[in-house]
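Two complexes are shown next, each including chain A; its partner changes from chain B in the first to chain C in the second.
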Partner chain A sequence: MSFSNVSTDNGLTFGAATLDNWRTLLNDSSFWDSLKFTILFVIIAVTLEYFIGFGLALLLWRPIRFGGFFRVLFSIPMMLAPVAIGFMFRMIYDQSNGPVDGTLQRIGLGQPPWLAQPHWAVASVIIMDIWEWTPLLFLLLLAGLQALPEDALEAAQLDGASGFRVITSIIFPILAPISVMVVFLRMVDAFTVFGQIFLLTGGGPGTATTSTTLFAFFQGFQNFNVSYGATIALALLVIVTAIALAYLATARFLMRRIEA
Partner chain B sequence: MNRTQNWRYIPLVAWSLLVALPLYWVLITAFKDTTSIYNGARWLPWVDFHPTASAWHDILGGANSVYGPLYHSLVIATVSTLIALVLGSMAGYGLARYRLKALWFKNNDIAFWIVSQRIMPPVVVVLAFFILYKNLGLLDTIPGMIIVYTGFTLPLTTWFMESYFKQVPIDLEEAAYIDGASRMVVFLRVALPLVTPGLIATFLLAFSFAWNEFLFAVMLTSENATTLPIVIAVQQGQLGTSWWNICAISLISIAPMTIVAIVLQKRLVTGLLGGALK
Partner chain C sequence: MMKRREFLERMAAMGVGAMAAGSGLTLLDPENIAFASKEHAGETLTVITQSGPPIASAVQASAAPFKRLTGASVKLITAPFGELYTKTIANFVTGGSAYDVVLGASTWLGDYNPYVVDLTSRIHKDPSIHWNDVIYQRNGQWAGRQIAMPVDGDNQLMYYRRDIMNNKSLGKDFQKKMGHPLRPPQTWDEFMNIARFFGDGKHGVRGVVEAYRHGGQAFWYYMSNCVAWCNVPGEKGGLFFNPSNLKPLVNNPGHVKGMENYAEALKYGPPGMINFDSNEVRQRFAHGEAVLGIDWDDTPIIGELQTGTKVKGKIGSALLPGTHRVWNYRTGKWQTMSKLNRPAWLAFGGWCGVISKKAHNIPLAYKYLSFVASPAFSLKMVTLENSGMNPYRLSHFNNVAAWTKAGYPEPDLGLYLAAMRKSDLDPNAVQDMRLPGAAGFQDATEVAAQKVASGQSSAKSALDDLANQWNTTNQQKGMAKQLKAYRASLNLGATK
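What follows is the complex of A and B.
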């Protein structure tokens, strides 16, 4: 589809094959902007999710009272529909009627213009994603922690290693393969983020939070430029595949270095 | 670890509050009306505002009844997840237990090929599906949606099930073969029961995908196969946004998942493990 000109006037007809769409795409600054936002979003959100999830998993790893309660509560967000989350955060960020701004003002921190101002909007979207997806990393890393060989840990403790040393030099390396997989899954998913942002900001203000998926959707279904939408989508596929392969190769290389 | 580590509760409670605040807000908003939503933040029912059940009347029998979409969602998510689970566990078993070779493609290559579907952003194919379904007459039908969701969850189920089967010690199966059991019997009676936790975890992940999916639902359905996420989205209509309805429907849509998660939380943690170990 991306190589032709699909017209929606008369049913769906395919035009002659051309490279026009690809030429337009490469010169389309909105496409590059959307890509820039998407990559920034993925890097910040996934990094923070990983470290928060890892921290929470470490806290809940050893038997602790109310552990079951925390586990269930922490995993609820990822089971919510992205659509519901989008609406939910629109209420939370609401400047006059939401719960956050009023409280912040009362303790003297002013009113962040969450969704009204580009930088804040990007931050809002990232916070929403962290809220939604930290649970997945938390659960998978917790599962990994529970499979840790006990003897290695006991040996380290007998040697008098501090808690922090144990984490960095024993737990972290053992969890590396799982971490690579989990981050991979999450990263790939984050690239295709759609529903939440669509409902939270609609890509705005302006185009500050238009992810590439959103951009393809707008082009294809709101401007009815179906073949251009398909071109964007395909370009995204190529880029995500390239990044995913590069990530896996780097991760494998680093892991071999650790083992060696 | 016999030292008391009560400090651990500080970050745990802090994160709990962050998780719970939006959920609490949804819960109380489901019982609000226009006046109690739009005049500043109101936190406590009966103190700050008068709770009303009008949203619940509206969506459970009034003009905006959700029974239709709820039924579509249940059928589509359940059927597509079950199909994906049956096919996925068979494919996963095959990948885990047989040495396959198609040209230069070996087991690991096939597994990566299958999971690489997850790399593809759904928006890439949604347009193609739209055109395809339009020509096939599958637009806005329940079978159409089941096919799409099965296709999308199948890589996930295959991949997860493969790693669970790989964890099962092969001796048990070999013992069954010696006793004269056929392959199908070994698969059904020996291997499958051993991976039940994995099966549950995979079911949950696949089900929550199909239950919550938005992009395909919004593109491919309009009336006869709309799912709950779509109903949530259309509450933002020309007459203003019905926040209370959105919240009430959201609560309905997380209820089943939360109950299942509470029941299965211990098994889910051990079950997810295998998939992560891949």
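What follows is the complex of A and C.
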């Protein structure tokens, strides 16, 4: 489809084979802007999700009071539908009636323009994604922690290692393979973010939060430029595959160094 | 000779019709009572329109009386406005038969045209529709054929708080600060000054409320800011494309001026206004949050009739503000006007109903549209708050008693009906964009307007990009075909 010119003027009709869509894509600043936003979003959101998830897993790793309750509580966001999350955060960020701005205003911290200014909107989208997906990383890392060999930890404690040292020198390296995997899964998934942003900001203000998938949707299904929408989707597949392969190669290299 | 059974059925039908007419819910016309044969019992008609309350609530209100008349059930499917075009055109293009009737925008008819039934002869044979009473006939036409049934009339107008305009103390402060009296604005300069004066919210109310949300009908609000700067009275096509060659006009100085006003007005509205859609504009105005509002005809009726409104009896209505100079796209110069240029702007062109060629029962689908557009049912809808349907028949304006009975207070009612009537009957009224791909042009405009409003781009730069996008879309769709469609939409002949 991306190598053709599909017309929707009278049913679906395919034109002759052409590279026009790909030429347009390379010169389309809107596409590159959407890709820049998507990559920035993936890097910041997934990094923060990993560290917050790791922190929560450490907190709930050892038996504590109400530990089971908190595990369930922390897991709820990822079970909600993206549509519900988009609407919920739209209400939360509402500048006139939302609870966040109301509270901030009462304590004299003003009204952040959550969805009104480009940088704030990007931050708002990232916060929403962190809220939704940190539980996934938390659960997988918690499972990894529970499988840690107790003897290595006991030996470190007998040697008088501090808690920080135990985390950085023992827990973190042992969890490295599972960390690589969970970050990989989350990263690939984050590249396709759509529903939540569509509902929260509609890709705006302007194009500040238009992810590449959203851009493909607008082109393919709102402007009915079906061929170009398909081209964007295909380009994203190629780019995500390349980034994923580069990530796995880097991770393998780093893990070899850790093992050495 | 009429059989006994047939006679009894007719009598029963007339009884139902009389009851329904008494409740003001349905047809008063004897021809339509003939529908009440229940010959469609057990059948279901699938209707899609935008998520409610506007429009969807009217479909819901029509379901019970229509079932009483025909026996057929109405199944309503809704989509948010930003997705309605996508959903319906995807169904058409892929040959689907998911919907029998689509209540959509008049501006989309260029895209719907190949997939919908020509209603011309059905309408002309249907005396119950009282066709001569319908002002918006043209908005359901494409290439000389009536392919859609108008069920709504649409103008974008300006609304103002009468109580604030008449407040002597505020008037004194305003005069001192702005150098002219506080009054319903006649020009865009006056409009912006009022917005600025109240913009900080220190008087307990903000300056202005308009829609800016991408996918929230922001295109039409932006165009409202431009229309007086771009349209020389009587000159066709000044708002969108040059009708001689289809060159986009969206980046000319008239549009730049309109865009600058639209972007500046964002500062003077309630916080977060950049995410307001048309529904939110109406609710905010009804809650007394702004002195000025721009919207279709829905804002006042919601403000006057909705439970809990804070502005009942305080709403003035008028044509959009005007200008003393207009960008003449033919001469490429600003033209000074001898009198204020205040064009009527038939934004959106009204909701209208089309019948899919793949509809399961086309005669039943037509009966439904005939019912919804009938004088009695439509009068009931246009006098209801939040039905989303606004006057589109002469009888809607003439039947003042229906409005009074619905609870609309004077003098607001007089101002409201006069503003709409003036707009609808203006021979120089500016028509909305109607050509294939209209939804794409509208979508790109909303993105550009948000870029300017949020400070990501200057007005000129965003509009230059937009003009390129519009041009590319026309090239992809075929310049000659698009030019022909655009000229037809303006009632102009073919180019030489």
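The criterion applied here is as follows: the second predicted complex is superposed on the first by the 260 of 260 C-alpha atoms of A that agree within 3 Å, B and C clash if a C-alpha of one lies under 4 Å from a C-alpha of the other, contacts with A are read in each partner's own complex, and residues count from 1 in each chain.
Here, a residue touches a chain if its C-beta (ideal position, glycine included) is under 8 Å from a C-beta of that chain, and two chains touch if they have at least 3 such contacts.
Because the structure is a prediction, the values reported are computed rather than measured.
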Contacts of A:G206 with chain B and chain C, given as first, second, both or neither: second
First (chain B), second (chain C), both or neither touched by A:F89: first
Chain B versus chain C as contact partner of A:I178, first or second or both or neither: first
Partner chain(s) touched by A:F221 [first = chain B, second = chain C, both, neither]: both
Touched partner set for A:L236, first chain B, second chain C, both or neither: first
Chain A residues touched - chain C or chain B, whichever exceeds: B
First, second, both or neither for A:P112, with chain B first and chain C second: neither
Those residues of chain A which chain B touches in one complex and chain C touches in the other: 12, 96, 101, 221
Interface residues, chain B side, partner chain A - complex: 1, 5, 8, 11-12, 15-16, 18-23, 25-26, 29, 37-41, 43, 116, 118-128, 131, 134, 208, 211-212, 214-215, 219, 228-230, 232-233, 236, 243, 246-247, 249-250, 253-254, 257-258, 261-262, 265-266, 268-270, 272-273, 275-278
Touching residues (chain side chain A, partner chain C) in the complex: 5, 8-12, 90, 93-96, 101, 111, 113-118, 201-208, 218, 221-225
Chain C residues touching chain A - in the complex, by the definition given at the top: 82, 85-86, 89-90, 93-95, 111, 114, 213-216, 270-275, 289, 436-437, 439-440, 443-444, 447-448, 450-457, 473, 476-477
Complex interface listing, chain A residues touching chain B: 1, 6, 12, 52, 55-56, 59-60, 62, 64, 68, 70-84, 87-89, 91-92, 96-99, 101-103, 131, 139-140, 142-144, 146-147, 177-178, 181-182, 185, 188-189, 191-192, 194-195, 198-199, 212-213, 216-217, 220-221, 226, 229-230, 233-234, 236-237, 240-241, 244
